[in-house]
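Here the structure comes first, spelled out in structure tokens, and everything after it is commentary.
Order as written gives the chain letters A, B, C and D; numbering starts at 1 within each chain.
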């Protein structure tokens, strides 16, 4: 063994037990007790989790005349420091462009920068016959998941989405859908702006929960028609969850992702003074507080499968302020890739809402399973990549800008202190983070060829 | 290592991977590749599952003036041959008796006979103040689950069940409830008999799905009032599942068990000629076929947590025929402990309804988790008991009386051939079954002290 | 024509139109314009409603060692002053007694006192074989509705209620059910009292919404099993309504009554100082405020069919105070027969929640239809009894004790002022109320033989 | 009195009673007994219903390169013979045209032809700012209802429909929506045709129930967002009804229309040989039979408010056969205006599914109430138009082409015999039909200025 991780309490989606982990050639090679190796990492009294997977990031994304503030270096360093050792980023098809080009462009962005392993979803913004054909090639290249929008200029018509779903079913892919009714959002945005309602607090009014609910129920209905799997990204509210749930009841694979911000923050944030509401301008927006309990229940009973982040940070100064006089011009997005795992641990496990196993399932195992990475990622088993997090359940951390590594000038959780934080993070057997300091090197992350979707 | 199980494909509720398992002192001691040991069992090309757990058996049960046909020897031999290495049997409080006495009586029945490990639930048939107090002692002795009936003479009133639930919450126990409205069953039974309707086919009419649904919704409502966990045993029908599901939506731990017979057999069986319907006389009875799809969907989406058996066999000749002239006198119950795992594998995994992981979860991991046996049982992890099943996915078996080990003169699946069957079964590291032959010895099973319930 | 009611705006459940009404021999004889008659009542600018029907009163009821404060004289005078010209009171079977005796006893109470027409429901508290047989006789005598309790010592078992329902279906009767789970209420009451919780504010805690919901869903399930009509009396809360609604979806005649107090008052009333909470001690109790909106919606969309009162007044001094040291000894009930119609008009029609037609339907036509009184009562049509209310939509009235005629020392709506009140009330063509003064005479009311129930 | 209708049993949505009706100047002038008049019509032993209202017809409609076979003469003669004395037809805005022009064009079509009174809805196919403004003028002119399509080339976007709904709320109008997802229908149609599936039986596959359900849930969601009333035209299936119902639960005025064909015919009709399936080609199409019971339940419990026809006949020879080689070219529509009332009476009242009052409510009173015609039409009250039907409950009629007056070469109910049929039909006091013979004259019908919508 090159390395032994000793005396930790190993936690997977199923198990909790104490054992040593032997690591060889970047893989988990042996699990037992009293193992020996070239080097020893002590994990006594700490948990050992599989490295978490963030299946929803937007690094270095061109959006609204600016670029999201984290590139594949800063973004993955931040991810790693927060316990996430795999990300799946969204490569966006340009209008008229090919999926191939999109994938290549994003691989290029990542290649010499990423410090953890990464995969890509490809967003289909132009569902031509050629693109439908090209989808097969993407699956072959390790991209068995596509994204479609029901909002934004990139939005597909219902028939286009149906075609993508039908195609996805044929080729073993899953379709991730951004569920907001863009036609209504545009109408409402125009109306608010015409009425002179330009501050950030009008952003959530321009895209209320009912618009998301409508789009969600439409998307799940299309998936039922196509008999295809569907993955609802960043679901935010009770009614949309109910729509997804109704569809699941018939046995369809309707998968649901939510994000920490929808579990923890609410619509009142948009009232923060001095343009502070801009920090939370993202789509869908934060909702009324009562939705949070419903989402937590969904996590507990299994109606929500995954916690992602939709990490897409923009600086308050120089980026968010583009929309100072018009909320619709504020770049949409929030930082999150670094804080997801600690927040869910603190609010979920410490507060008794979810078990340790369920925690691991939500941040690591389910993303791996759904997106074709199990057992390479998302679990701790012999043969898996040694992407491991030694988690100190007693370590406290305040999630302020100065403690975090994301390349953005604010934290949405500035004063929040969590208990439980990564102590050591390994990527394929190498220690890349220790005590919140990154020790790895740019470009060490590899592109992941993921396997086709299986229901 | 005393023994190494080599080259198998290990399947847990989370993982599927190829590795060797080193066994020492009856425990899983090491998982890796190319392991060495005193003896080698080859599992190449086969799956290695954690030994399954049947959380619902009635061995050697006095019932309706006779005794269920399997005792703790024959019943556990059959269990083992079918891949089940742990059972949890129901110890029944006698009217006026203590829980302590019930537990002791059942421990005595099992002690020199059982060939696999076993635990007990205790059924509360007399919910006095003393009994409520005694519940704590049961938890201390490793019995953190109780059963209450809403049918039969043993049925509790609503207030009694509420008291049991409130008490259970305090002491870390879960309450298993038999959900049929006994008051209505008695009325309907009398009515049918008065009308001269005495054949087995009237049995399902005496306890229709609506009676189960009513009792289920009452039980879940009581659990909601008590804020206590509830485990619905042998749920059979769509409407009752809907009732359970409504309660789960609020985040309550409402757990649901069904059995293979409700997934695979239907009410038309009661029309078998020559008193053949008596084979299926059990409570609740088999339902109309359309319910089966709903139950399968429930397994897929997670609304049903466990597959048990309610194993309680009676011979057609000498037992079932007590009720030849009166269906209400037919001893209630059916054999099942041996066929549960192969049936679910064949109908679930082979037919593409559920994944291998979900299969393991339903027959092993979830029963272990709910009933306080994880990680000792129900998974394959370092430190767990080496209760292992080497499963040959290609082995075919016809589930006829001559191939099975249950001590009963019929099989409800006489002509059914399944593909996938245990090749070798280990209990705490000892091979007790090989190629459908039992090789262990009576009394080798141990009483399991289970841990308190955690939501 | 003996009398002509001229120029009023006639309102029925369907129509609103201006016309004169000619009355002859106590009946509506002619509807047209410019009618002539012996005497003329001017109704210009006012509405003419059919006299309202209160299908749920308890006059002169022996209860908890006292007697409800209104007898058939004071109670019906109050009813008339409030626009109600028919009541249906509950005759209670005594334990071991016959239904016949109950009916006779109540007819005797009413005969020389009632000033408006009246019918009876008979409550079955002892569902013996003889009583089931006797039900037919009751229908023949004009009593096609029975009441069963699921709470109180009079409560029936599920099998008993099922038998009553099956019998009711055979003979053209409807069963009214008081839906609270008495077994749970008794348990909770004992528990609270043991904890020293004796003030009125503990009353609602002893019978929470969940107890009502459980009983409601049980009752509707039994009605579904029996394929019999069911009338849920005094439904109070959102969850119970949902249960009723689920059953209606399958086409069953599940009818729902609520009362003004559940639409307008809430659980905080029990906190009134100086034992003031006792004014609202009734069963089921007032609920949390949010339920009110759900009930109003139910009225609008048709999920609730009838507004009754459960009028059963007890004086604060000398009656309610029996329970000063023990809420469970406070006589259960509240005055309401006089205020129902004005409250529903003010809160429903004036506030734009329901239409005038729906208002008439809820307080008059639906009770008439369900309880076999149409077209004699509950509408304005040629041949109907001339039970008419000339309603002044502009008249304001404060619902204080001094303005009301109910024989009780408090008003639950002491400071409430409503707009819209009866100006003239006719019973079978005779003016019995004018400007809130009663002008009729004791004993003028007649016993109504109602017709069998039709779905 | 010019005329007296004597001894009939008058039935309204609320009442059933025997009385004479005096008619003067085309109005109901007097209701009483033993009335005298210039002429007498005897209705002894027969029912007198308010003339029925068909709120959904398409007479003389240009569609798919042909014109619907009934013009305003033949269509209204047929209506009258079937007991319908008012129709509301759809005037269609032409692309780029005004609503004003559409209304005028349809008024011109009707003026010298219609034999019963008529109103119009205006269909908005081009929701420009000008058109939104023009909506107010339509309301002023007596057209307080608009139609929007979610299918066909005329379909609106979601934002357009939302704008129409918001506008409708402001001006007291209701929006009727054709709920099918046109984007999906177009896709599916192309696909089927490309696969060579051209026969009529592919028509229902091109627009399955799920497409209607999706559009229905979208429309009701938009109505909830707009807080505007919505009228779902020709709803056909269980799932769409469920969607409407969910929205009604929150108290919204979501109104639902279905048609006799969806209650009585099913998808197997499309398999009729020799292009016979073309008779039933309409949109939405006929559904699987099990939906019918759900729709009947919806009529009973009040989830469906209106029975319309969507009358839009095309001859098999010369019209339907345009699409002999391509189902998508078959003109869409079916005759129905004449058979609606007898079919609903026979299948609803005779078969015990609905009461006489509910029957009248569904075919007359509710259309009148929703579309601003009460009390002029839809009821029998003093001051109402004397649009009356003397209904012989014993008259039998076979609904074959030779007995019917619709100008079309087939009847979808060719061999169906109903019991109960109009004997005499009066329009504003004139006998226009007697014993299935039309006696009125072209152009006697008047344009109805309807009142604004009130919830």
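Note that in this section contacts are C-beta pairs under 8 Å (C-beta built on N, C-alpha and C of every residue); 3 or more make two chains touch, one makes a residue touch a chain.
It should be emphasised that the depicted structure is a prediction, and the values quoted were computed from it without experimental measurement.
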Shortest chain-hopping distance from chain B out to chain D: 2
Greatest separation from chain A - chain, by CA centre: C
Which of B-C and C-D has more C-beta pairs touching across its chains: C-D
Length of the line joining the C-alpha centres of chain C and chain D, rounded to whole Å: 39
Between chain C and chain B, distance of the C-alpha-averaged centres to the nearest whole Å: 51
Numbers and ranges of chain D residues touching at least 2 other chains: none
Chain contact graph, described as a line, ring, star, complete graph or other shape: ring
Chain pairs that touch, as defined at the top of this document: A-B, A-D, B-C, C-D
Chain D - residues contacting chain C, complex: 10, 12-19, 22, 29-33, 245, 248-251, 296-297, 300-302, 355, 361, 365, 374-375, 379, 381-384, 454
Of chain A, residues touching chain D in the complex: 157-159, 162-163, 181, 183-184, 186-187, 208, 210-211, 213-214, 217-218, 221-222, 224-225
